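Look for chain A in each of the two complexes below; its partner is chain B in the first and chain C in the second.
Presenting the complex of A and B:
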């Protein structure tokens, strides 16, 4: 990893004990470093914008003249002073959305749970199905299952998520021709239904089926391709020959020996992919009017609400940093060879 | 190579330059044969050839008046396919097929030119961070790692929104400067492995400058993998361009498959079942992205012996 950190850590690493603890500490430190970079990057990214950003606030009704003046003064300050202000409050905790006139973090907080539901369910579906397909295809390389599944997964891999979503809406939601309208195509829950009741949960599931299907299809393809590749890799390993020589049945060799080792790259990928899935969620939520952070991003972009955009961008980046750290920790626990 | 020929024996041996040229030609033909053995790769090339021909010949097949909405107002809007309009019409009464063929230009131009920017940036940063140890290399490597963490599509969307420009060049720039970190990481790893080989040690000991080592020894060795990687980048960039255009962040005066889908959605194609407007742009995106993916994977398989068995 980082050159400087690795060289200073060398003498300690020679001790066999405490490998995991040191690894965790180092990983969290480097995560913090990334965080600092992202905060700096965020500052400059949003200072590039042309035009008069304060003018955008004027369109909002419930903003007072003093607030507008304060915002304009802040934006007219020298860059260094703005930077200092930014450093004191990098998360813009008091930021006000130019579009809604509400504090941005209230908006973000209210929209977080549908996205969590959508991302969680799509990740689970994509992982379970993708890994299963990958194991079967990789174990019997060149079989008909392998050929068909590799072709289909390559097709899914090339598909824009939102287009798949549009297709699903046309087929299962619009009720055109012979197709009945099976699922609703907007919102996350029927209005007036309590989310924590039985009706509420079934309503949420009803609203989530199609977007989750659209989102998971693409990542399912990726996971099955990776899983297949690492299954193929493992097959040439000596320990599988040993397992077979011991007289283990084929499916036992696969389940007990090949799959645990081959799933390591896929596990990492699932966490590393969070960033891409968030990208997919932006368009899929937009297509389904699913009121999560992705739709909020689209709204922030169309309304030119940069304060909101900045907050969302930070949330997404934090989520990715966190999941990257989790991926490294998980792989360190599962695979002792990594802890160096 | 050419510096050595003054010391060669005076016997009538073929000049080193010619030898090198012949060797290169032999390698190329061997590469071509190895590539042709991959059916998936040939399929990718065939699909790409069809789309490239369509994009190049678009003005000949469908005169540009067919895209001018002032000329097409008399046609029925969002009409199902007929013998005149094979893929029906859009909300302005334009032939969907004509718009579709013209839109191939935007997608291919953006995909290829943004990938070239990303290739140059990624290769430079990757080689420098692999070759230089210490501060420069460490810093470049950190930079790559940091940019790898930033979620790609949110970054592209925010950058396009912040930039506020909606031209083709702006889109190319946004996608080009955001998609290099993957290439840089690959090139760095490859540079490190090349760096450890004896011929680089020889170049170093003979006093070859850093520039000489990088440009004459490392670059030729990483280039094949960079080309394979760039082909795969084109696929990702085309998908991203479609996403941007779909979100309304593309060039408003240019038809692309993404903007077609955007307009189709606004026109309610999904709820009214206007499949002729919704299906074709998506299928085109899938085919082109698939073509670049197949070509890229085949290049990788041919060029990287470790992958050859897969």
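Presenting the complex of A and C:
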């Protein structure tokens, strides 16, 4: 694994980066530990769900009692045997979805790119806009910009994503009053277009605008509020007075001194969120019928597809752990005090 | 700006090809294209487009009609059925479809395991299937059965499926890019592109033996949000929206160029009683209240239920009050002469008479003074109808001196509860096939719960009322071998009335099926049954084969254009600007006061 390679880099301990190397190694090891724990935990978690998975066959046209019994017997290995099977293939490499009858990783793979497109675009929008707004608002606290932006971002922050999504569909998809129908109301791409052609890319953009807007609004609000708060905190610090005393222009004080220090909490948050958004876009993806991992999770749970849930939870766990490690590393690089 | 370019591009391509694609919005995914594996209604609809079945169902009244089998006849003892297969039919890949393919398909089900999941009930009495020449298939039976006229089994090409053995069939996706190439049938449409979780696109089969369709293709688009699907219908992204619920349906009525259609359907919702939970071998199980084994108590509760109110409140009036377990759109439906009406006074009278005296707390007890009548009720998490019904039921039970607690659970959990018999009443639904056999079987004694091989788990059979009557079982066997349609209908009606009179279930409502389509795009839908039935998702492909584009309409076109896009963006900016201005103004005033 790529992670293993990083751990072996540990002994290369030059003086200034020695602390960093140890830090990286430790973080990766503890990340792996978490992953192993989650793998074990996942097995029991899904099997604790109540209900008879054969219920979905109740609706099958004319299924006979014998066939139902046969299906149950197939699903019904003793727990220890299931656990042994699970340990032999913890990554579900050979897992087949009970619901779709396809290898789970094919399913997950096919749903990964829409989520990445959505995640990428909304993270970029939320970060760029959110941080910019937060800096401006925090630097001139009490200004008109601050008041307006804080009001708007608080509103966004309090808005449930799915509700915002429904609103966007009503406004921009069906077209009300002066609004014509601008964007499609669901899906990620039109049929009959190749995803990698020009038509395909514009079709994907077309389908992604609304869900990305709904998803970024909330995160944008969060980032700008946190950024604003840290900017306000930094204002009273002595080093800013020093910087000003040196005769630096106001915007230089802001850019060179205040922003780098104030951005630490926001950066941590952004990276932590990346991990969560991968699995956490469930409501937005469902509202927009956006065929990503969030929607797949919703479907896997409704269909009680254990193997699929296992694979998905693995992906989400991995994403969260990885983004945690990245956040830690970034902070360590930006703030030398943390590396001890 | 990418948007405008995209719309323009779509417009250009549609204009160039002038393809007439019928786009259908669906809320349920095709779970699996493999006809031995998929179980959703959406999957069955896809197979109906791709494959021909041996026999079909008439659009007027579901009567058996020829499809791949041109004609059939049975021997005098009813044990030998000879089918004449249509000549000159070809599969989508050009290979001819012969009697061998028919025999192959049926033998595969007979010998298979997985293959029996969907089609086992069709072959349960079949001894052997043989193709005697290219157009003749002979089936030998163990016992005569009327199902032989209703063999709705998709006929598969032997030259493809013989490459998929009985293990591989479990994971065979039957998609066009599968190995071997999937979804090759002889049906009126051919699967062109399948994108899991998004859409399925079919092209018309110009060589279809029943005549080429009037449209170039069909596309199913999956929506996970009913409101978004309705918006898509309104703005022309799709031409048909299937399986709407009453709320969104009401919003579509009166909409220009959209026909919202409420059709009679073959499903019903019901309340069941725990009439004495037991295993097939007679061992009593569960925690059912003893009073519910008394038919008089069930009758009283039936009298206490106002079905008309339920139809109004749960279905917005789109449905009708229920009676028996075979819905009225089938010719075999039996309507009781003297239906049990909503009459709480009568209900109280019956309970008083049967000795369930009212306690001082307003709750009745068993005739011997023990066990107050307190029931455990369940409703289904995924159904608002279910939850509303149970809420109403609690009130109605209270009116007749029965206390209750209610809980909402997932369907899979409820299935477990049903099997274990740890309930008193709950709400669920059935969807009934044209052949009544299966639905009737749900009230037979053999469908009680059963134990797993190791004996540690109890599983639900189909009989969730634990209704068992020897006479009913005898009639069930009789109808199962009666091949004369009229004679069988008589038995079937008698059975429905028996279960009705015993109050095994309270069939609360026959719900309508709600669909909507754009009248400015397509015309010529065929209802099944005629004239009030559903116009898509039928037993057959009647609408797909008969609809044609409305002349002069831009088929499949997108009506947005660059000008409108820019206009919309400008409008949005203006409104946002105005909002921001208002906010600033509002904020400025308090600030001024402080200074």
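Throughout what follows, the second predicted complex is superposed on the first by the 284 of 340 C-alpha atoms of A that agree within 3 Å, B and C clash if a C-alpha of one lies under 4 Å from a C-alpha of the other, contacts with A are read in each partner's own complex, and residues count from 1 in each chain.
Going forward, a residue touches a chain if its C-beta (ideal position, glycine included) is under 8 Å from a C-beta of that chain, and two chains touch if they have at least 3 such contacts.
The structure presented is a predicted model; accordingly, all values stated were derived computationally and were not measured.
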| item | value |
| --- | --- |
| First, second, both or neither for A:296, with chain B first and chain C second | second |
| Which superposed partner A:287 touches (first chain B, second chain C, both, neither) | both |
| Which superposed partner A:69 touches (first chain B, second chain C, both, neither) | second |
| Partner chain(s) touched by A:188 [first = chain B, second = chain C, both, neither] | second |
| Comparison of chain B and chain C by chain A residues contacted | C |
| Chain B versus chain C as contact partner of A:203, first or second or both or neither | second |
| First, second, both or neither for A:256, with chain B first and chain C second | neither |
| Chain B versus chain C as contact partner of A:276, first or second or both or neither | first |
| Doubly contacted residues of chain A, that is, touched by chain B and again by chain C | 50-51, 166, 169-170, 173-174, 185, 286-287, 298, 302, 304 |
| Of all residues in chain A, those that touch chain B in their complex | 2-4, 33-34, 37-38, 41, 45-46, 48-51, 154-155, 157-160, 162-163, 166-167, 169-170, 173-174, 176-177, 185, 229, 232, 236, 274-276, 278-280, 282-283, 286-287, 297-298, 301-302, 304, 306, 309, 312-313, 316-317, 320-321, 324 |
| Of all residues in chain B, those that touch chain A in their complex | 133-134, 137-138, 141-142, 145-146, 149-155, 157-159, 161-164, 235, 239, 242-243, 246-249, 261, 264-265, 269-273, 275, 278-279, 281-282, 285-287, 289-290, 293-294, 309-310 |
| Residues of chain C touching chain A in the complex | 2-3, 5-7, 9-10, 13, 29, 31-32, 34, 37-39, 44, 113, 116-118, 120-122, 124, 170-173, 193, 195-199, 201, 219, 221-225, 227-229, 231-232, 234-237, 382, 409-416, 419, 431, 433, 437-438, 446-447, 450, 452-453, 457, 459-462, 559-560, 564-565, 567-569, 571-572, 580, 583-584, 587-588, 591 |
| Interfacial residue positions of chain A with respect to chain C in the complex | 50-73, 76, 96, 99-103, 107, 110-111, 144, 147-148, 151-152, 166, 169-170, 172-175, 178-192, 198-199, 201-203, 205-206, 209, 286-289, 291, 295-296, 298-299, 302-304 |
